[in-house]
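Here's a structure for you.
Chain naming follows the written order as A, B, C and D, and within any one chain the residues start at number 1.
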């Protein structure tokens, strides 16, 4: 069986998905849409892409297309999800699903009604380090989880333009960590308290955002958690976590380009962490796409559902509200919550 | 020049101070007082201690005594400090100075009026790992500090009797971390938000305390921090910290008994952390006593003053209040604060 | 420009090369020959391979073929190299080139006369860890190299049948380390002293081979070296090296599946090394093939020449002689040697 | 019970033993002899040493003295051992016992006839790391040992004067490693092949010695080993070992002043190894003296006997001969050997 795929939005991440999809024998990347296709012709030719269009409806209207990857700007996601669902396409959508919980909910409703698959691009769930920690937790190796700590620092902030349209640190960057928190702990977040600061660049503050945050979490199972974020780590992309339980602890460290250690009269050095997400999550991007393809071909559950996307957004909004009010913010447990998260 | 020292309270920590003092050439440990001296006779003889008494006033009234170490229960500290100050003795006092900020303040006042030295036993300041991180921060190696993370987990909880009289987790255990936070960051804590839980042992909850905590901090210099505590880590005493700044990060890991790594078909293992504070801070206990002796003999400032003790207590009280109210608690900056902390 | 490639011998390594070649845009894997093609039909179809033959001459006689990969048994290498050179094909040949230095020399002569490229499959040269150490040495970071230590242990021995036809430990397994020694040190080996033992499996001894070895080396530049081999490490594939010079040392450690560390009451564990060469050298196999393709397409020097293959074999033979005689064995410097190795 | 001790030779190591002995309650360091006592008066007074003499016979003739520490130059060791044994004193002697196997043998004979204890100062046996590896081997955790690797590099060479009278690298420096090899493997060395070079300082070569060595070993139990030495490691004192067996491997790494790791835009650094033997083996020096005192007081076997000293010297001599002849040198198994080593 073969799957025909269309890509909506051929920016950096869309292009990565194309190459990862092409390496899968059962996949044919037939179509790509983008607002600016002028510079994409050669790239598309080299990859035997048959349809290159500025209008994503060309993809949705193509009855040969089985699945679409939505890699366009966030403010277009929920609309395209609804249209794609209506057209009966399976959907892989980059995170976040939308900037507004209500938008996300209505998109998920459309997906549910259409009975198509929807996977949200929380690529870090596929990172070998984090996956291993999750497995250790699920196997009970560290016992009942008591606390979780996530460190997530970018090597440098995005452009101010991007920041202004990103939905803010919590919605753009921490959303990955909110999803990771649920994924590792296997429990919903029920309270958020956020401290934020502008320490990296005052222009980020001028743009109405923060660049540094420490966010305290309470989980439905009684455990506690904390997420630490910075928009700029001088030494590179810092992606670690540690979960502590009554039988022990498991921690995931950064990946490095080599294992080489150098000792001189000045110091003993090892490699810095891999620079950024493209280097750190190369394999995770491959694995998430493989997982989606398998879920569609074998009619299995996706690893990272629309509901997961929704819950992460809800936590992000709570964090935002906590930052604004200076007080902790409670989250209601959805009836699906604890069942869905396991 | 020689210093004659008396020890008030010969429990576990009092005895350790005696042995560490005896190894210093300029020191004569002349007297020891304890409520129960029956079992101490042989111990005292082996150490050439001349006076063994149940009445600590015998020590304060001995004009030959230059300095006293107060290692009695916390609820006696402030009273003995005042009496010792009045008697003109230099004072080393175990932490905390008292359970009530007002008590501590009045003790400090007595010390100030008497013009004697007072060092508070925040032994962790002398740990080589943490000292090194502090130096790196002060030398600007990691730039302006943005965030601080302290992990502090005991290998097992104290007895329930101890917990009931300990002043609670924040006053008994986290107080070390509150002091460490000020010490590393070189800035006062101005806001505390505490999450706590009873996850280790429900009897601790029945005793009115918590055993697990994540505490968010804001510093006067704008930086953020977080402290993570547990009363029981299955793998031993876990004492780490990491400070992150605009030029990089420095982290201190646990100490282990050996560097040996073993690889078998089952796994690759290294040593667990040293079991508890007596193993981990053996050298720190030696160094803090040496520092106090030097401060007295050479009339220098102590490394860890009564004011430091007071500030840690104030943060502990704020944390307690935050836990009770579920809201962040602000701390007023004392006029001495930022000057004193540098 | 496009390169048409034929594969001679489609065993495990031949198949890996096919998949790695297919991922390169400029490459068309047109033909595969193998003595047993019955079971290869489906595999070949899935990969759009046009010619599947039992007769490798079909590939050499195909004028469309630009380059061949020789992945057949070692005892066929030199003959096929000569024929392929005569046919004007560029050649990638698995190590070793042959079991006899004279055979290798005559094959290299044919290659030289034909003016084709020949790259020998010392894949470890492309491992990121070892490559990094080589660069550090070449950049002078560790100063003048004084000593080199290579640890090379397999997770389990090959079959006895394989051992009997392998040419022995030095020719089959250590040959990679002999090449690595030259590669890292940038100098020829001029003396070998080999200690060997049968400690893993007496049947290996019955087959006339050893399974454990420590080999002392002297280099032309005056440095010393040592290689340690075992056919079976209980914990997996152990591939490390350390070079020590007057300004410091650089060491390359094993790769592991994840960075996860687990602490329990029993122990602190991390992952074992990746199991074997297919896992450890996945990327190195990709990189060596890319390098060969680039060398052919851009008419550049190969990274790992026939001369490198010859020198490694000469050291292996010297080691064998040392083991037999119990005495160190000298190697004459070839006039090409020191020039070629840089 | 109390032990009266005399120290013969109050150089650097003699003074260290004095301080370590004084910390043991049962010990009275009564007498010290040295050829130059002029500068030692104050040092001796501070330590309540009663007898300070230029004539070590004053110590041997003092009937109150129970045990002596021989810390004088190596060429005086065997003579003083004999005289001390004749005087009925227990003996702690620095390594090596002598420069000539025959001298050592005659000294050991005197000790045996007198029935006194003799411990040789192989302090590294007491290092926590190496001790742990030995225990792991003895407990069978790594199975039957197959290979041993010892890395032993000094941070800087001794003075040329010292080198000229030291007996050469193997007798002065590697002798510790020869002893360690026997200690870890629990088996005698039966063959030595030594490669040596002058790479650190040509003046060391002019003085007739080498400064770099790789020494291959065969053990009586069939295992293989290798020792790597350098007189100068730019990054400090490098003292590691790894033993590999059929069930796994155990390795001991260097000790460092702190666990602190610093990440900046330039690199990730950790501490260099502790600078030299006084820092690395501080605790081992304390432990070896405690062990000797216990052996005398409780009439137990010493951990490190005269026979151990003799065997290490025999290996050193064999290594020297191997270096001179360029061939491996066999060592006869003494009848005591395998029994004694367990």
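Here is the rule we use: a contact is a pair of C-beta atoms (placed from the backbone, for glycine too) under 8 Å apart; a residue touches a chain by one contact, two chains touch by 3 or more.
Computed from a predicted model, the values in this text were never measured in an experiment.
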Most remote chain, CA-based centroid, reference being chain C: B
Winner on C-beta contact pairs when B-D is weighed against B-C: B-D
Distance from the mean Cα position of chain D to that of chain B, given in whole angstrom: 40
Geometric centre distance via CA averages, chain B-chain A, whole Å: 42
Chain B and chain C, separation of their C-alpha mean positions in angstrom: 58
Of all residues in chain A, the ones touching two or more other chains: 233-235, 247-249, 263-265
Chain B-touching residues of chain C, taken from the complex the two chains share: 233-235, 263-265, 267-273
Complex contacts: residues of chain B adjacent to chain D: 23, 25, 46, 128-129, 132-133, 136, 141-142, 247-255, 257-265
Contacting residues of chain C [partner chain D, same complex]: 143-144, 146-147, 149, 151, 153, 191, 193, 195, 197, 199-200, 212-214, 216, 218, 222-226, 228, 230, 232-235, 238, 244, 246-249, 326-328
